[in-house]
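Labels run A, B, C and D following the written order; every chain starts at residue 1.
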Amino acid sequence: MHGARVRTPATRSVFGIDPPGQPAPPWTTREWFGIGDALQLADLRGKVVVLHAFQMLCPACVHHGLPQAQRIHATFAASGVAVIGLHTVFEHHTAMTPVSLQAFLHEYRIAFPVGVDAPSADASNPIPVTMQAYGMQGTPSLMLIDRNGHLRQHAFGALEDLALGAAIATLIAEGD
Amino acid sequence: MHGARVRTPATRSVFGIDPPGQPAPPWTTREWFGIGDALQLADLRGKVVVLHAFQMLCPACVHHGLPQAQRIHATFAASGVAVIGLHTVFEHHTAMTPVSLQAFLHEYRIAFPVGVDAPSADASNPIPVTMQAYGMQGTPSLMLIDRNGHLRQHAFGALEDLALGAAIATLIAEGD
Amino acid sequence: MHGARVRTPATRSVFGIDPPGQPAPPWTTREWFGIGDALQLADLRGKVVVLHAFQMLCPACVHHGLPQAQRIHATFAASGVAVIGLHTVFEHHTAMTPVSLQAFLHEYRIAFPVGVDAPSADASNPIPVTMQAYGMQGTPSLMLIDRNGHLRQHAFGALEDLALGAAIATLIAEGD
Amino acid sequence: MHGARVRTPATRSVFGIDPPGQPAPPWTTREWFGIGDALQLADLRGKVVVLHAFQMLCPACVHHGLPQAQRIHATFAASGVAVIGLHTVFEHHTAMTPVSLQAFLHEYRIAFPVGVDAPSADASNPIPVTMQAYGMQGTPSLMLIDRNGHLRQHAFGALEDLALGAAIATLIAEGD
């Protein structure tokens, strides 16, 4: 954190939440499971959005991130929160195809919509488009986006349920 | 829930939180551990209070309730939340004395203040005074009290971290 | 278990172990990971063999069976026990290809050899050949085979570590 | 392990089991719970004995050791194994009295007999008699004693179920 940026109290992080800054980048996806049509972030304006980026063969996603995303969906769906999965394949591309993902989602009873992040147009870049746009470091990653479409938390790795529940509730309590 | 009580939107429970009603009863305690002086609920006005009622030989308290209370203390102490333990002995009174409790709190590294609920003045009633005043059904019980001293959640048994974190954050977000 | 079969004390099961009966069926596999050449059961004569049948998209395998097989490998490899994985795909065949399996084994750091059960010659039968030969009911399944190649335990679903450790040690203690 | 002791292959440890050496020391206890009369080690000749030494306010005993002892009892009682608890209080003596222990055993549903280790005759020594005789380092400690009364494993701290199940089964398989 070099430089002369002044941090005022208004920018203080609460339960990992940042103050509103830039709008969250739009999503670029190839196909969706668990929902009829493609879903855009803009379609969810007015809802708090929990974006869970994962790979189906990532052990930390399977053992920790996805079960947590399922719990978030079960706990907060009635409170205007949309949990969205994003399959951000950046390795083993031939192993984690949409055909394999579909069976995975069925076997793990994933209850929220999952989109497939679009492959990079640059064949030499294994990182898919939305993952690049958000600057994600790996999987699992979790993004909290407020009702106005601003990215408020960007986390990589395991998160504690207590603090995460608090962060989501704080965004809910902000109102529109 | 029989009868004619009309439920208006204002009474809707969010993450288990009730709307403000009556003030939470004061505490009647015999002694305290982890703090110099006796602590009254009134001393904590302005803070969100998490009151965790337990017995040191209650397996559900030891395996679930107290570790959760420790996590709440670690996560929310910096946000103006006071976690308070209350040793509400209603059985095995000769087994769970203050001497035994003191060793228990030391061995389990309990980091928040713990008060001993005062025995009932009626020798035939095994339920201690504060436990009676709150109408607790057993241990573990968890009470959330808002900054103005109103009881907002009364739960008996195991609670999920996600919803509990959300409930605490909602009370924090209410302000004074 | 109808019929006139007489059970003598000699057939009594100990920790789920059956007395020696018929030789375990040979394996029919397509390819192997984690080992140079194809492995036959006959190659392991003289060793106690733990055969763990799984599918890479079976949640109970990923959450319980495979971690247990890894623990068995770590605990018993020095005592002449061979842990062998068998990928018995009987559903979602296009989702669980050898290419996907290879990435799965890499990501989950599977430390023992894994063979791919050969598809049924009968295109209308989704059950692979070795799975049929053993009469397995599903995944995860665990087979214990003694030093002489006899099938001594056939279990479907979750097993407790204590009893399983006892069963394996009992076969080790039998000697040749 | 200084000195000139030569270790021959016969002394090799298997799953933590030592070869037979000296007889295990007798027990010196004050009272018993879960059984009518005082129990001596000599009374159990012919059985494999699992001696679990614990303190009721020791977190590692409550969270790990005692649940494991309960599982051992459930898994091996039918195979001639006697699980015995020993309350070896070496700290907080006034907090862990027999009255408190009795309530603890009731609340945690301990299903095997538990003896209270006799206090040291030397008032300046907090270590009880049997704990001294076995040279235990702390709690939880687990001792495996074979059918002939020889101490075969002496472990301090957490043990894995797989290896422990294997050790017990190895002693069972030895016969008399």
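As a working rule, a residue touches a chain if its C-beta (ideal position, glycine included) is under 8 Å from a C-beta of that chain, and two chains touch if they have at least 3 such contacts.
Treat the numbers as computed from the prediction; the structure is a model and nothing was measured.
> Give the label of the chain whose average Cα location is farthest from that of subunit D.
Farthest chain from subunit D, going by C-alpha centroids: A.
> Quick check: superposing subunit A onto subunit B on C-alpha atoms, how many degrees is the rotation, to the nearest 5?
Best-fit rotation on C-alpha atoms: 180 degrees.
> Between subunit A and subunit C, tell me the centre distance in angstrom, where each centre is the average of that chain's C-alpha atoms.
Centres of subunit A and subunit C (C-alpha means) sit 38 Å apart.
> Distance from the CA centroid of subunit A to that of subunit D, rounded to the nearest Å?
About 50 Å separates the centre of subunit A from that of subunit D.
> Counting only residues that touch at least two other chains, what does the list for subunit C look like?
none
> Taking chains as nodes and touches as edges, what kind of graph is this: line, ring, star, complete or other?
Contact map by chain: ring.
> What part of subunit C is in contact with subunit A in the complex they form?
Touching subunit A from subunit C are residues 57-59, 62-63, 92, 94-97, 99-100, 102-104, 106-108.
> Note which residues of subunit D are touching subunit C in the complex, please.
Result: residues 14-15, 71-72, 75-76, 79, 160-170, 172-174 of subunit D touch subunit C.
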